[in-house]
Amino acid sequence: MSSNSFGKIFTVTTFGESHGPAIGCVIDGCPPGLAIGPEEFRTDLERRATGRSRYTSQRHEADEVEILSGVYEGRTTGTPIALLIRNTDQRSKDYGDIASTFRPGHADYTYWQKYGIRDPRGGGRSSARETTMRVAAGVVAKKWLAERHGVQVRGYLAQIGDITPATFDWQAVEQNPFFWPDAAQVPALEAHINALRKSGDSVGARVNVVADGVPPGWGEPIYGKLDGELASALMSINAVKGVEIGDGFAAVSQRGSEHRDEMSMAGFASNHAGGILGGISSGQPVTASIVLKPTSSILIPGRSVNLAGEPAEVVTKGRHDPCVGIRATPIAEAMMALVLIDQALRHRAQCGDVGAIAPRIP
Amino acid sequence: MSSNSFGKIFTVTTFGESHGPAIGCVIDGCPPGLAIGPEEFRTDLERRATGRSRYTSQRHEADEVEILSGVYEGRTTGTPIALLIRNTDQRSKDYGDIASTFRPGHADYTYWQKYGIRDPRGGGRSSARETTMRVAAGVVAKKWLAERHGVQVRGYLAQIGDITPATFDWQAVEQNPFFWPDAAQVPALEAHINALRKSGDSVGARVNVVADGVPPGWGEPIYGKLDGELASALMSINAVKGVEIGDGFAAVSQRGSEHRDEMSMAGFASNHAGGILGGISSGQPVTASIVLKPTSSILIPGRSVNLAGEPAEVVTKGRHDPCVGIRATPIAEAMMALVLIDQALRHRAQCGDVGAIAPRIP
Amino acid sequence: MSSNSFGKIFTVTTFGESHGPAIGCVIDGCPPGLAIGPEEFRTDLERRATGRSRYTSQRHEADEVEILSGVYEGRTTGTPIALLIRNTDQRSKDYGDIASTFRPGHADYTYWQKYGIRDPRGGGRSSARETTMRVAAGVVAKKWLAERHGVQVRGYLAQIGDITPATFDWQAVEQNPFFWPDAAQVPALEAHINALRKSGDSVGARVNVVADGVPPGWGEPIYGKLDGELASALMSINAVKGVEIGDGFAAVSQRGSEHRDEMSMAGFASNHAGGILGGISSGQPVTASIVLKPTSSILIPGRSVNLAGEPAEVVTKGRHDPCVGIRATPIAEAMMALVLIDQALRHRAQCGDVGAIAPRIP
Amino acid sequence: MSSNSFGKIFTVTTFGESHGPAIGCVIDGCPPGLAIGPEEFRTDLERRATGRSRYTSQRHEADEVEILSGVYEGRTTGTPIALLIRNTDQRSKDYGDIASTFRPGHADYTYWQKYGIRDPRGGGRSSARETTMRVAAGVVAKKWLAERHGVQVRGYLAQIGDITPATFDWQAVEQNPFFWPDAAQVPALEAHINALRKSGDSVGARVNVVADGVPPGWGEPIYGKLDGELASALMSINAVKGVEIGDGFAAVSQRGSEHRDEMSMAGFASNHAGGILGGISSGQPVTASIVLKPTSSILIPGRSVNLAGEPAEVVTKGRHDPCVGIRATPIAEAMMALVLIDQALRHRAQCGDVGAIAPRIP
C-alpha cells in the first residue's frame, strides 16, 4: 500500500502540490456501471472551496474536475478513474519567504528532516489543497453508497472555540457558510470569526459526521475494524488532532450500565457505541467526531528558525482561514464515505454468500 | 493487507480465539540479528495479564510464549517469527448462556450479522485475549527501537471515571497495579474499584502513551501519516472509543498563537502537537491518549435479544474487569511501538540515503 | 503485504524452518461457513510427502495438521485459520557441514548475503518443507472452489528429463508415485530414477496444472491479472525456473491466425490462450506449466566456498530427491487454487452486483 | 494493493484507456533528491513508440510526458510523481465495429463478462497503450538504479518466429528497429515482417532482459521472491504467455551436476540460475526471457460472436503490428527495473543496517 493511497478494494491515490501544475487522484476498484459525470463533483467541491465566503481563505480556484479515464458514455467501467484539477490561482509570490524558514505548527521542518528537500510553494504536498481530491473521490463513494445501499453521509460543525450549537437542525447546516446546525447562532459566529480575523489569530473546531443507513456487518476485525479505519481516515485530514467514535472521550466517566446499548427487536435503546461493536457496524447510525487545531498560519509573529539554523520570525500574510475546521465538514464526510465503500466491498468479498441473517434489529 | 495483520514492513498477523486451543502471531519483516529469547516476553505479558491483581479479571493464564520460527541461536534471522501461547484456563462452562444471546455492548450481534456464524466461547475472536499477542509482538518492536534508536515507549493510566492523578511520577507507574502515576492516590483507586465490583458495574478510563527519543522524519504523508497510523492502531484496541494526539480535543478552544509550537535552536517551546507535524515526527516526544469504554460484561442485568429474536436478559457471571482500561496500558504501548518500528523501516526504505540534515532542533 | 504472505483477500501467511520446532500458516479472509476438519488435509499432504515412495526423499514426517483457530464446530467462522505441523523427524546431524559452507545451487550464499545470518539446519526457511503449508492452505481453497463454483484443480507430471507421456489419462495420474498420466511408462520412469539415484545425480521436470470450471470474469487487470498472479505463485515454488500459460513458449513460432482462439456460441474452437484473455478468465480451462530445475543436493561433489572464503567441496549425503519435480504436482495445484480463490473473492468485491451477462460462451 | 498498481515501496499506479483523453501514472515512494526532467522520458518512449518504423504499428503519438507533481526544481521530493500523456491521435472511427463484436484473442469478451460494460475504443484499458506509462515509470527506476547502484537493465529481441540471432552484439541492438543483436540478419528480418504484413498474419517473439550490477541480497522470500516478482511483472505485459529465469525450461532435461552453478572466490563458474538463488539475487547478472504471442489483430478474418450472441466475422483493419514482440523490449526492461528498485528499497527497509558481509563472490 503506497502512503498516498487509501483503501484496500476501493483505492484512492492522490497526487499534487498546492502550487504545482495540478492535483489529481486515481480511484481503483470502483464497481462498474455507476453513472457519474464531471458536473457531479461541483457541489461538494464548492462546499469545500476556500473562497466561498469571507469566513474562509480568499484563494479562488476554479476546481473543475476533468475525468481522464475509467468512465465510458457516462458510466464507470471498472478501470481506474483518474480525476484532474489544474491549479490556476497560484500566486507563488505570496510564499517567497517560507522557502527558507520553517513555519511553527506546519510541516515545513518535518518534511525537510525527512526528505532533505521540499517544495515550499504554498506548503507543497502538505497543504490542505490535497483534500480537494479526497472530496472528489468521496463524491463517487457517496453516490455508490446511496444508490446501492441507501447510505447517507452527512457532517456539520459542532463547535468553534467554546461555542456549541444550542439547537440542532440538519436543514440549517447547508444554509450557512459554517455548516452550523443552529441558524440563530450564525450572526454570532460571523462576529466571532471577524473578530478573530482582525486580531490575526485563529481558533480550533469540532466536526461531527454521521452515516445513516449502514447495514450491520461492515468492518473487519482485528486491524481492519470500521472504527480503526475511520480513525485513520479522519486523523489523516490536515490539522486533525483527535477522533471519537460514538460517545468518545465522554465514556471515561460513564458506567457500563449506562454505556452499553441495550437491544430489543424494536431497536437499540441508545447509540453510545456510535453504530460500531467489535469493529463491525451494528445497523445504527455510524457517528464520529473530530477536532481540528487552530490554523497555524496567522498574522501574529511566531518564533522559529531558518535553513541556516538562525532565529527567524514568521508572519503569514497569505490567504488563510481563521478556522480551518469550517471547511473540514465535506472532507470528513468524504473520508467516512471512502471508509464505508471500502468496507462494503471488503464485506462482499469475504461474506458475499452469507444468506439472510436473523434476527435483524431495525 | 489482511485484516488480522498490522504494519507494512514490520507486519504482525495475529490469530486465535479466547477459548480455542491457542493464540499466536506471526511477525514478518523483523530486521535480522536482533537478540530475543522466550523469557523477554514475560514482563510485558505479566503487565497485561488479567490475573495479576484482584482489580482485574481473575482468569489465570500461564501465557508462556513459544518461539516457533525465525530465531536461530538466540537471534532473529529475518524470516517470520511465529509466537504461540496455548490457552490453558478456558472454563468454557462460564460462557454457555451467551452462545444464543447477544450481550449488549459486545460484538456478539455484529459478528453474527457479518459472518452468519460465531464462536461464542469467551467472546471468541473479539475477546481482549487477542491483545496478548499484540503485547508479545510489541516486545520485539520495543527492543529494536531501544537498541537501534534509543526510543522508549511508556504508558500510564491517566483517568478512571472522574479521578485524575494529582501528581505525576514515572517511577510510581510500575509500582501499583493501576499503572497510576500518583502513588498517594492508589488506596483511593482500590476503594473505588472495589466499590464498583460490589455494585456489579464498571467504569471507563483514559490511558496516555509517550515515545521518547523518536528522531525527526518518521511518518509518511498522506494516508500513512504517523498520527493516522497511531489512530488506527490505538482505535483497534478493544473498547477504545477515542484517540488524541498531543493536545487532542483541547485544541478546539485554543488559539493558533497558543497551539503552534514555536521553535528555536534550543528546542521547541512547547509540545501541543504531540511530536507530529504534517504526519511526520518532529523529534519531540510522541504523545497519544485514548479512552476505553466501561466494561460491558457486568452483573447488572441488561436487556437484549437471542438468536430466536426473543427478548433476553443478560447477566455476565464470568471473570471480568470492572475497568478494562487498567490493563490497556501495555497494549497501548505495544501498538505505539508497532507503529513506530514500521514507520522507522518505511522511512529507511524511501529515504535511507538522505544525508545528515541541518538544522536539527534538539 | 508481507513477503511471507500470499493473496489479497484470501491471504495465506506461512512460517517455519525445515528443522525448527514447527511449520505453520495463517489463512485470513476465508469465507465463513465452510466445513473443514483436520482429516481433510491428509490426502494432499500425503501426496506431497517426501517419504511416500523410494523415488522421493526418505525423510518421514507425520505431517499431522492441528487447527489452532478460525474453525468452530467444524465450520470456518471468518476469523483467521491457523494451521500447525510440528517437525518431528529433524536429524539435524545430517546437516552439520553446511552450516559453514555454501551449497551450489542453494540459497545458502544469498540468505547469508541478505541477512548476515542464517539458519543452516536443513536449508532453514528456504527448504521445500515450507511448501507443506501451501498444500495445507490449498486444501481449504480447493474445497471452497469446488463447493461454491464447481472448480476442480488438477496437476500431473508432464516431463522428466527428456521423457514425455505417450498417452494421457487423468485416472492414471493418481495411481503411480510420479503423478504420471501414462501408466505404461511407469516402469521406465522407475528405472530412470533408480539409475539417477545410483549415479548420484538429478534431473529436471515439468508439471502441468489445469483448473476446470472457472467461470469467465476472474482476474484483475493490469497488475493483478490472473496470469500474472499465477506466474508469481508458481515461480515462488522452490526450484521453479519457468512458467507458461496456455501454449506458452510454443507461441513464439505460431502465427496469429493459428494462436487466437476463435469463438462461437458453441464454444471456443481451441485453447491456445490457456483460458485467460487480457488477464481475465474466459470460461475455458485455465492451464499452466512449470519447469523445476534438477535437485541441487546430489552426491556428486561440487566446488564452492565456505564462510571463511576458502575453497570447499560439497557433497550432500542427506535424504534428497533425484527429481524434486515429482512432488511438485500437489504444490502447483495448491498455488493455482490459492490464486483462483483470491481472484474469485476480488471479483466478488468489485463486481458482485453485476447482473447476468450475455452472451456467455459455454 | 490496487490491481492497477505495481510495487510495494516504489509503487506505480497507471490509468487511462487507449482512446480516452489521456494516459498517466503515479509513482509513489520514489527516493527524494533524484534529478529528473521531462526530456529524460523521450528516449525510452521513442524506443517503445509504435510509429517509429514501418515494421510496427503506424499509429503516431507525440507521447510528451508532463510531470504534474513530485518534482521541484528538477529533483524528486519524495511525494507522488504524477506523469501525464495526452492521447492525440485517436482515430476512433477505426474501431467502430468492435464495439459490438468480440475480437478473437483479445480481452473484449472477458472484460464484458467481468464488468458488464467496456470501453471498446482501441481496446480501451486492455490496449498495449497502457505500457507507455510502464516505460515512463521505468525511466525513473532505471535512473535511480544506475546512479545509486550502478545497475544497468538491457533487453533485446531473441527470436521472431523460428529466427534466432546467429551472433550477439549489444551494440547492434540499438541500431536497428528490431532490437536485434545480429546486424547481419536485419535485412532478412525486414523481409520476414514485410511478408507477414502482406499475408495479413502475425508471428510470436521472444525477448530477453538482463540486469548487470545487481548486488547480492535483493529479493524477499517466500512470496516476494525476486524471480516471483519478475514473473508477475513480465507476465502482466500484454501478449506475454511465458516467463523464464536463467535457463528456464531448458532445465527440464539438465542434470543437477550441470545446472547448479559452482562457486569460487574468483566467481561463479556459470549462470544457469539467472542470478537468483532462493528468490534472492546472487550478484550475478539477473536474466529473464519472455514469449509474446502473435498479434491477434490481423487482416485474416476470424470467427467470433457479437453482443447479441450472433456469429460474427472479425477483420482488423486498424494500425497494428505484425509482431508485438518487437516493441516489447523497452517494456520488459521497464518492468525489470520496477521490480529491482522495489526490491532494493524493500531490502534497505528490513536489512538496512546489516553490515559488510564476507565472503562476497565477485
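Going in written order, the chains are labelled A, B, C and D, and every chain counts its residues from 1.
Note that a contact is a pair of C-beta atoms (placed from the backbone, for glycine too) under 8 Å apart; a residue touches a chain by one contact, two chains touch by 3 or more.
Chain-to-protein mapping (UniProt): A, B, C, D = Chorismate synthase.
For clarity, every value in this text was computed on a predicted model and none was experimentally measured.
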Interface residue identity across copies chain B (Chorismate synthase), chain C (Chorismate synthase) - same or different by half: same
Rounded Å distance, chain A (Chorismate synthase) centre to chain C (Chorismate synthase) centre (Cα mean): 45
Whole-Å gap between the CA centroids of chain B (Chorismate synthase) and chain C (Chorismate synthase): 38
Gap in Å, rounded to a whole number, between the CA centres of chain D (Chorismate synthase) and chain C (Chorismate synthase): 26
Sequence positions of chain D (Chorismate synthase) contacting 2 or more other chains: 1-5, 8, 14, 29, 32-33, 78-79, 114-116, 125, 221, 346, 351, 354
Chain contact graph, described as a line, ring, star, complete graph or other shape: complete
Contact set on chain D (Chorismate synthase) toward chain A (Chorismate synthase) in their complex: 1-5, 11, 13-17, 20-24, 26, 28-29, 32-33, 66-70, 72, 75, 77-82, 84, 114-119, 124-125
In the complex, chain D (Chorismate synthase) residues that touch chain B (Chorismate synthase): 8-9, 29-33, 78-79, 148, 221, 345-346, 348-354
Chain D (Chorismate synthase) residues within the chain C (Chorismate synthase) interface of the complex: 1-6, 8, 14, 102, 104-107, 109-116, 125-126, 130, 159, 161-162, 201-206, 216-225, 227-236, 238, 240-249, 251-265, 269, 272-274, 276-283, 291-298, 300, 302-305, 307-309, 311, 346-347, 351, 354-355, 357-361
